[in-house]
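Data first, discussion second: the structure below is written as C-alpha cells.
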Amino acid sequence: MRAFLLAHGLLLVLGSSAFGQSWTPPTPAQRCPSKWGAADERGAANHVMPASVLRAAQLIRTGEIIELGRVLTATMPLFGTRIFDLTTKRTNGPLGANKRYSNEEIVITELGQVGTQLDMLSHQGIDGLFYNCVPIDSVATRTGFQKFGVEKLGTLFARGVLIDVAAFKGVDMLSAGYEITASDLQGAMAKQTLSLSPGDAVLIHTGWGRLWNTDAARYSGPAPGIGVGAATWLASQDVLLIGSDTSSVEVSPNPDKSLDSPVHQIALVVNGIFLLENLKLDDLAGKRLHEFALIVEPLKIRGGTGSTVAPIAVH
Amino acid sequence: MRAFLLAHGLLLVLGSSAFGQSWTPPTPAQRCPSKWGAADERGAANHVMPASVLRAAQLIRTGEIIELGRVLTATMPLFGTRIFDLTTKRTNGPLGANKRYSNEEIVITELGQVGTQLDMLSHQGIDGLFYNCVPIDSVATRTGFQKFGVEKLGTLFARGVLIDVAAFKGVDMLSAGYEITASDLQGAMAKQTLSLSPGDAVLIHTGWGRLWNTDAARYSGPAPGIGVGAATWLASQDVLLIGSDTSSVEVSPNPDKSLDSPVHQIALVVNGIFLLENLKLDDLAGKRLHEFALIVEPLKIRGGTGSTVAPIAVH
Amino acid sequence: MRAFLLAHGLLLVLGSSAFGQSWTPPTPAQRCPSKWGAADERGAANHVMPASVLRAAQLIRTGEIIELGRVLTATMPLFGTRIFDLTTKRTNGPLGANKRYSNEEIVITELGQVGTQLDMLSHQGIDGLFYNCVPIDSVATRTGFQKFGVEKLGTLFARGVLIDVAAFKGVDMLSAGYEITASDLQGAMAKQTLSLSPGDAVLIHTGWGRLWNTDAARYSGPAPGIGVGAATWLASQDVLLIGSDTSSVEVSPNPDKSLDSPVHQIALVVNGIFLLENLKLDDLAGKRLHEFALIVEPLKIRGGTGSTVAPIAVH
Amino acid sequence: MRAFLLAHGLLLVLGSSAFGQSWTPPTPAQRCPSKWGAADERGAANHVMPASVLRAAQLIRTGEIIELGRVLTATMPLFGTRIFDLTTKRTNGPLGANKRYSNEEIVITELGQVGTQLDMLSHQGIDGLFYNCVPIDSVATRTGFQKFGVEKLGTLFARGVLIDVAAFKGVDMLSAGYEITASDLQGAMAKQTLSLSPGDAVLIHTGWGRLWNTDAARYSGPAPGIGVGAATWLASQDVLLIGSDTSSVEVSPNPDKSLDSPVHQIALVVNGIFLLENLKLDDLAGKRLHEFALIVEPLKIRGGTGSTVAPIAVH
C-alpha cells in the first residue's frame, strides 16, 4: 500500500502534465506487498468480478462487434528477433470410405509476445524481482514461470474506453517518439466527455497502427506512446489494462535516455496493470466509438509471460 | 441449397434416432454451392450478426464468467504426433538505470489444433475438396491456406446451450465409443426444457473431460461423441458450432468401421459448422447452467486450419 | 542409360563452352531408370566404395584439416523464409551433491537446407517426379519422404578437387549472375594441372563467400555459378558432387529467364549428383590446395531432403 | 595443472577397480586453470593436430567405412522432454519452363542433444561454473553461450579404439545400472591387446544399443555405463573423447544415490574431455574392429552445447 501512496505522492509533486520526467523504481519496501495482497498473482484482473462484468455487458446495445486483433503472419511487425513461422501440414488423406482429408499446421512463435498481445506479470521485472517482489530466479523454469503465468489470468471483460489522442491533437498519426502526457489523456477525455472508473480498460489511439501493414520496420522502431507521467496517472486511476495501437504502448525511446521502457515496470511490476499491444484501433476510432465492452480471452499458456489475443469491442 | 435439402431428406429417411448408421458423403453437385453462397468462406459464422449478438448478450444477467478453456502444457492430451513445446526465454536484463528485466517464451505447437480449439473450414476435406468444393490443392501453400483461413472467422458470440448427455444418461462419464444419437440430444434437451434456434452454439457434456488431467492416454483414445445421426440432425437445426469435452466431438471410432471421422465432414465440409474441441465443461455442468452467452475469440492465424482458444460462457 | 547418352549427345551438339544455353528436361523415358538402377536411392553416392575411400585417404599426407563449414547463426544468409532460431535452455541445476548444471538448446530450422548443406535427391523434382521417376506424391508424408531421404546416403569420403574459377579469371570474386561455363572449368583445371576422375567431389571457388559475413542480403541474391553447360559437362565426368561457396552452386538467375534453377535438376534429378552449398572455401583457395580428401557426414535425418553439414578437406 | 595432479592422486588412492565410489567435485582452485590454459575453450580437442590426424589416417587400410550414427526420427529414444519434430515442406512448384519442384523441411529439436551426439563444454557445469571455472551466468545468452560453443570445436579426427566390455563380460548386453569399472576397461583392452595413447577416442561397447529400435523407453531408463572410477582413469589416460552405445555414456543411475551424473562433470568440466552418446556400435563390435580412424564433424552451432552428429569409423 505504501507504494501506491508513494505513486500518488510522486504524482502530486510532479504534476500530471510533466513531460520526459525521470523515474526511479520504487524500492521493494515501497512497492510490496501489492495492493492485492502479498500472495496475489493476478494484479488488476481482480477488478473483473460479476458486478463489473455485468456493467460492461450492459454497454452492449447494438450487438456490433469491432475486431481489435491483428492478423498473424510471418511478415507482420515483430520486435527484435521474434518470429511467427507457420508451416502447413496438409492432406493427411484420403482416410476411410468417406475419403476424409485433414490439414493442420505447425507454428513456431513467441506466443506470448507477438501480434496483438497481452503482457502478463511474469513478462517484466525490476532488479531481479517480479510483481509482489517475487525473485525471478525462484519461479523460473525452462518451461514457464511457476508464478504469474498467464493461465492464472482468465478472461478480461470490462468497460473499455478509447482515448483518441491522435484526434485530440488533430493528426492522423502521432509522431515517432512523441510522449503522450497525462494532460493529453485528460484533454482528450474531456473532449470526448469521458471519465474513468476503477477497473476500466483504457485503449489509446495514436494512429501508429496505420503502419502495421505498410511499413513493418518503421512500425517497430521509435513510436509514440505514454511516458512515465501518463502511466503513473493511469495507475492512480486504478485501471485494468492499458492498450494501444503500437508495439509497446509506451513512448519509445523514453525521452530520459537512461530509462529503458519504464512504463512496462510501472504498469506490470509496480501496479499489476496489464498492457495490451499492437491493437487494431482504426475501426473503433473511425466510428468514434469511445465506450464499449472490451473482451480479451488470453490463451491459458501455463507459465507464459503473455498471450497473443484477438480482443473485441462490443457495443 | 440442394445439399441442404438432401441432408434434410436423408434425415427424414433414416430417422433421428439411428445408431451407427453408415454415411456416404454428398457429391459435389449435391453439396455445392453451400447455403451461404459459392464464394463464402465463413460458413455458419454468418449467423453472428449484431441482432444475434445482442440477443446473446441479453443472456448475461449475473456477470459470472465460466472459463471453458484448458490450460496449455506439454503434458496435456495431444492427438497423434502433435506437440506443445514451450521454452522460457528469460531475463533479458538488467536494462537501463531502471534495471528492467524482460522474459518471454518460444512456443512450438500445432497452434490450430491443440488444447481447447476451434476447427476452421480448411481443416477438413472430402475427396480432395474443401467446403464449397474448393480443391485443396488450389489453395494450399507452405504457409497456410489461401481460402478458409481462420483469420476470416472473427469472434463467435452467440447463445450457448449445454446439452448434458451424461446427466441425461445418469452417469458421470459416457463410455468410450458410446455414440450419442439425435434421440439422446433431444431427450436431454427435453429434460432440460431447452430448444435450439438457428445460430446457437451447442456444447455437449459427456463427462469425458474428467480424464484430461488424470489420464492423457485414455483421453486421447476411443471416446464418446456424436455420430452421423446426431450430427445430421444438428446440421438440420442450423447451429453455429458443436462443442464437447472430448478431443474430436464425434464418437471415436465410428461404429461403422469403414468411416473415418465422418462428423468432421458433415459439420465442416458439408454444412460449414464449426467444431469446438477439448472444452472444459465440468463447471458449467456442475452449475446446471444450460443457457448462456458463449464467446470464442479465435486467433487470427492467416491461412490457419483452426485456433487454440480460451472460450467463456457468461450468464 | 539413355538419359546419360542423351546428356552426352546434347553436350556434343552444343559444345562445352556454350553460355546461357536453354535446356529442356529429359523425358521420363530418356532419364529413367537411372544409371544406378531403377530401385536406386543413392545416386552418385554409389561411387563411395572402399577402394575409392582408400585412394582418397592416401591423399592425406600432412594431416592438416581445413574446415569448410560455416558457423550457424540466426543472422547468416538464409534463402527465402528459412530460419535458424536457437533458444538456450540453460541451468537445469544444481543437481545432486555434485551440484551439476546442465544446459541445452532448442533449435528450429530447415535443417536440410540451411548453412553449409548437402542437397539430397528428395530435394528436387521435374514435373512431379523425383530421380528415377518416382512420383513425389507417392513418397511424400508429413514427416519426411519415404524414398530418397538423406539417411540413405552415408558419409561421402572422396577425392576432392578445388577448381578455382575466381583465380582463373584473375578476380577476387566473380560477379553476380556470372555463368561459369564448361570452358571456364576446363581452363581453370588446365592451369591447375588437374584432371577429374569418376566419383570425384568437385568444389568450385567463386569468391562469393566473402559476402557471407559482410552482406547477407547480397550473398542471397543474384550470384555467380555454373550454368546448364558446365553442369552437363560435370555430369558427363561422372562426379560425386558439385560444391561451391554460394547458396545454390548454380548461376542465379539463369541467363535463360524461362528456366528456374535447372542445374538443380540436371544434378539431382537427372544424374543423381549431389550439391554442396554455402561452403567456406577461402582457406582452401588461399592455400592453393587443389586436391585433398573431402569428408562430408550428413546427419541421418529420416526422410530429409538434405542436411546441414560441417565438411572438411584433409591433405 | 593442480587439478590434473589431483585427479591422478585421487586415482592412486582409490585404485582403478573401485565400484560405486563417491566423488566430490574438485574445487575451483583444484581444477582451474585447465591443463590447456585458462583461456582455452576447446579442451581435449587440442589433441587434434596434423601429426595425430596423420597417424589416425594411416589406420585406413581397406577404405571400409562403418557408420556410427543413428537415424533421426520423432520416435527415437529421447531424454526427458526433448523432441525431434520434422514437418515436410513439399512441392514448391512447378517453377519455370523446366517445371522444377523443390522440397524441404522444418525441424524442431534440441539439436545439440538428440540422436547420436557430441557434448561440448558448455553442456555441463559444477556449482554454477563451466570448464576453466567460467561462470555460466557470465556467458549465457538467450541464443547460445558466448564461450565454449560447439562452433569452437572443429572436426575430431583421431585414432579410435573400441573397448568391448559386453564381449569381455561374455554377454550380449550389460544390464541396466551396471557400472563399468576401470578394471573392466583394462581387462577388455588386455583381451583385445590394445593400449591407449593420449588423444585417443575411446568407444565403449555395452550392447545397450540393441534397444534403440526396439524399446525406446527402456533404452532411456537406467542403463549400464562407466562410473566415477573408470571416468577418472580414462581422464588420466588423457583421451580425446569417451563414447558409448547408451544415452549418457555413464552408469545410470549412479550407484552413489547422492550423485547426479558425475561422469559428465569429470569429463566435460574437470578435464575438457568430450562425450559421444547414442552411438551405433553393433557393426563395429560385430566385425571385432577395435582400432580405426574415428571422424566426427560437429555442426558449427554458434554457442551450442553440443551437436547431433553422424560419425564414422574407417579402417
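By letter and in written order, the chains are A, B, C and D; residue numbering begins at 1 in each of them.
In the analysis below, a residue touches a chain if its C-beta (ideal position, glycine included) is under 8 Å from a C-beta of that chain, and two chains touch if they have at least 3 such contacts.
Owing to the predicted nature of the structure, the values given are computational and were not obtained by experimental measurement.
Contact with subunit B and subunit C alike is made by A, D. With centres set at the average Cα position, the gap from subunit B to subunit D is 48 Å. Subunit A and subunit B have Cα centroids lying 29 Å from one another.
Residue numbers of subunit D whose C-beta contacts span two or more other chains: 74, 81, 85, 87, 89-90, 106, 108, 142-143. If touching chains are joined by edges, the resulting network of the protein chains shown connects every chain directly with every other.
The touching residues of subunit C, when paired with subunit A in their complex, are 74, 81, 83, 85, 89-90, 92, 108, 142.
Across the interface of their complex, subunit A is touched by residues 23-25, 48-55, 57, 60-65, 67, 69-74, 82, 86-91, 93-113, 115, 122-128, 136, 140-145, 151, 154-155, 157, 258-262, 264-265, 295-306, 308-312, 314 of subunit B.
In the complex of the two chains, the subunit B residues touching subunit C come out as 81, 85, 87, 89, 106, 108, 143.
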